[in-house]
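First chain A sits with chain B, and in the next complex the same chain sits with chain C.
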Partner chain A sequence: MRKVAVIGAGMTLFRRILQETGKELSFLATKMAMEDAGIEKKDLDMVIMGSAPDAFDGIHLKGENLLDGAAAANKPYVRVFNGGGTGVFAPIAGWWHVASGVADVALVVCEEKMGSCFPHPQTAFRHIWDPFLDRPLNTNLVWLFAMEMNRYMTVHNIKKEDIARVAVKNKRNAVGHPCAQLPDENITIDDVLNSEVVAWPVQRLDISPPSDGASALILCSEEKAKKYVEDPITIAGVGWNIDSTMWTNRDLYFPRYVANAAKMAYKMAGIDNPRKEIDFAEPYDPFDYKELQHMEGLLLCDKGEAPILTREGVTQRDGNLPICPSGGLLGVGNPIAATMGQKVCELYWQLAGKAGKRQIPTDPQIGVGQAWGDIMQMGTVIVMKR
Partner chain B sequence: MMSMKKEGYPKYAPGTHVSRKDIRNKNKTYTWWEPEVQYSWAMGPAISRFLQELKNGKIIARCCNKCDRVIVPPRMFCEYCYKPTDKWLYIKDTGTVETFSIAYLDGDARRIKDPILIGVISIDGASPQHGFMHYFGEMKPEELHIGMKVKAVWKPEKERTGAITDIKYFKPLKGGGK
Partner chain C sequence: MTFLEKQTDPTSPMHWRGNMQADYLYLSGVAGDKFFKHLMKNDTFLATKCPECNKVFFPPRLYCEDCFCEIPEEKWFEVPSKGSIKLFTIATIDSYGKKLKEPKVIGLINIDQTDGSLLGVIKTDKPDEELQGVHVEAVLKPKDKREGTLKDILYFKKK
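Here is the complex of A and B:
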């Protein structure tokens, strides 16, 4: 396998509704990544599109709909999709295009428009449930996460305020992000704890917002990358893993599929001790408790220890293990697949020292990004090195 | 050549924010579409039998002889051993609350005043943590807790249709039950 470098990244504004079409958003993110890398469409060998359920846009064959905006016309092109896992899985697919040698330069574009779906994107989520046993109960996806959060809190005896700290940290971190939808430098734990109870234990400010947006990443063989950049940021390891669909037959307190994916990625990256070797992480945080559960799944701490590290300030941008320095999904927004912008583009910006106001001050060398999807069962992990 | 600039990336944030009001008030050019489509699913042997047994007021599982699991919801193959499951087994209509939520949000994300009590129940007689999602009733929200023993409340026999909703909800199991 060849080594793969990242040579450019881009992302659009994230907002509840953007006027631009999915194609246009893909174009805007891609253009920014191309400017960053200093390349043009003719330099791209292949294109990978990541986009989550078709039901959001109401357009089936969404990959086909988006391709012109993703610089893919007359190129080898594929759309990948595993729900919320897509934002990290799409760059993994990009990695294998280049690592295998079939492409020298590959563009990864992730797009989501959730704002087109009425009365609420949650309505589209109803179509992801098992039609036999789950759907007749008129299910809402937030119930599912509330049940998972409750199990996690109860098994480890975690207080809600220790989970709320994550929402506060990430919304504050997002203040330095030009694309952010919900940055808030004054938010407090009490604001989260006093927000509307949506489905106990989930409250309004525990949840990331639905968003429109797109992000893009340009991958290149390490050899060729020297043509574009002096010290390329490389993809050191990738991993993915999925658990059984039968979610009522699993203990929801720990994401073992994320741990499996992380072990795969760490092995490839030659990381024996992730706690010592990894400098910062971008775990998937569509809900505040998910950041904690995913830190544990990524083997960055013991089971049940993530809330304690958060309380002690370890996960702050200037702490020992900065978590979600981008502002995460909670602060920057959650256009499902396009969260590649926080989970992977941010690794690149941080490792390249280009994160501006969001820059981790301790000169990070190794970062890990992770996403989570399908019905609480998919873990996707990427390790990047300077 | 990329330089280690201190200036922040992304350098700009392209895109034009519009509000739902802009859409509703037609301040922006838009189009509307309501899909009209219906589906009918044949449920396969495992879930068909499970639902027909619910109509009889019974919960049935499948057993895998290799991993010794009593599996509910039942399936005709074991996803771990990757072989056909071996036999049917009736299990109880009582169980334990594995997790739950008190939901103030319905299926369309509309706010509701009286909360829906929803959770996962592991069923007595099945393997640990084998069960399904259902509602809870005949209890106050604050009584509901993980580890609580519960029992199915069935619809009257005539009203059952062979659906998961043939069980109305699970109620607290008091005094051990049957």
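Here is the complex of A and C:
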């Protein structure tokens, strides 16, 4: 396998509803990434699109609809999709295009337009369930995640305020992000604890918002990357893993599928001790408790230890192990697949010293990004190195 | 197969009835917004021209998909609401399998001065004639009835 470098990234504003069509959003993100890398459409060998259910945008064959905005017309093109895992899985697909030698330069674009779906994108989520066992109860995702969060809190005896700290940290981190939808430099733990209860223990401010947005990333064989950049950032390892669809029969306190994906990625990256070797992480944080669970799944700490590290300030941007320096999904927004912008583009920006106000001050060398999807079962992991 | 050979009623096995609720508000986008707003007040169309390859996009686009450059404001221009029939068919059955009262001519009209085409209904006295290449013009709703959608174009007819 060949080594793969990241040579450019782009990201649009994330907002509840953006006027741009999905194609236009894809164009804006792609154009930014191309300008960052200093390449043109003719330099791209292949294009990978990541986008979640067609039901969000309301266009079947969404991949085909978006392609001309993703510089893919008359190119080899494929859309990948595995629910919330897509934002990290799409660059993994880009990685195998280049690592295999099939492409020298591959563009990865991720797009989501959740603002089209009325009255709320949750209506699209209502149809992801088993039609016999889940749907008759009119199940929704928040109920399920609330049960998972409750289980996590119970097993480790975690206080709600130690989870709320994550929402506070990420919304504050997002203040430095030019694309952010919900930055808030004054938010407090009490704000989170006093927000409306949606399904106990999940409250309004524990949840990331639905969003419109797009992000893009340009991958290149390491050899060729030196043509564009002096010291290219490389993809050191990738991993993905999916757990049983019978989520009812699993203990949801720990995401073992994330741990499996992380082990795969760490092995490829030659990382034996992730706690020591990894400098910062972008775990998937659609809910505040998910950041904590995913830190544990990524083997960055012991089970149940993530809330303690958070309370001690270790996960702050200037802490020992910065977590979600981008501001995450909680602060920047959650256009499902397009969160590649926080989970993968951010690794590149941090490692290349291009993160601006969000720059981690301690000169990070290795970062890990992760996404989570389907019905609490998909883990996708990427490790990047300077 | 578990489906019995002579099964004729698909609801006889145990089942659950559901529907996929899907309501949408589609925004026409930055280029689309401009195009439809123009159509509400004018009897012409708008198009955009790529500054690099000179390809003329109709309906107008914000970017050229080939050169992958943004198309600037000054490359927007008016074109007549006329064109020539590029492709056509004569439909006799609708999307639900029902017989149409009278055959309907559906065509792709290449708009004059552009490289783009639009789907439209073509009104003609003789639906079976050779229509390919025939020049047509759009018949629009009266201005006070327009809503800024494709339905503002009622049909195309021979000049």
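Just so it is clear, the second predicted complex is superposed on the first by the 386 of 386 C-alpha atoms of A that agree within 3 Å, B and C clash if a C-alpha of one lies under 4 Å from a C-alpha of the other, contacts with A are read in each partner's own complex, and residues count from 1 in each chain.
Just so we're on the same page, a residue touches a chain if its C-beta (ideal position, glycine included) is under 8 Å from a C-beta of that chain, and two chains touch if they have at least 3 such contacts.
Just so it is clear, the model here is predicted, and its values are computed rather than measured.
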Between chain B and chain C, more extensive residue contact with chain A: B
Chain B versus chain C as contact partner of A:E112, first or second or both or neither: neither
Partner chain in contact with A:P178 - chain B first, chain C second, else both or neither: first
Partner chain in contact with A:A73 - chain B first, chain C second, else both or neither: second
First, second, both or neither for A:K41, with chain B first and chain C second: second
Contacts of A:P131 with chain B and chain C, given as first, second, both or neither: both
Partner chain in contact with A:T30 - chain B first, chain C second, else both or neither: second
Touched partner set for A:T123, first chain B, second chain C, both or neither: both
Which superposed partner A:G58 touches (first chain B, second chain C, both, neither): both
Chain B versus chain C as contact partner of A:E20, first or second or both or neither: both
Chain A residues contacted in one complex by chain B, in the other by chain C: 17, 19-20, 58, 115, 119, 123, 126, 131-132, 136
Contact footprint of chain C on chain A as seen in their complex: 17, 19-21, 23-24, 27, 30-31, 34, 40-41, 55, 58, 68-69, 71, 73, 115-119, 123-124, 126-127, 131-132, 135-136
Interface residues, chain C side, partner chain A - complex: 16, 18, 20-33, 62-63, 65-68, 70
Complex interface listing, chain A residues touching chain B: 7, 9-20, 25, 28-29, 32, 36, 58, 115, 119-120, 122-123, 126, 131-134, 136-140, 142-143, 146-148, 150-151, 154, 176, 178-179, 196-202, 212-213, 228-230, 244, 246, 248-252, 341, 345, 349, 352-359
Chain B to chain A touching residues, read off their complex: 1-2, 4-20, 22-23, 28, 33, 35, 39, 41, 43, 47, 51, 71, 73, 75, 79-80, 98-110, 115-116, 118-120, 129-135, 141, 146, 163-165
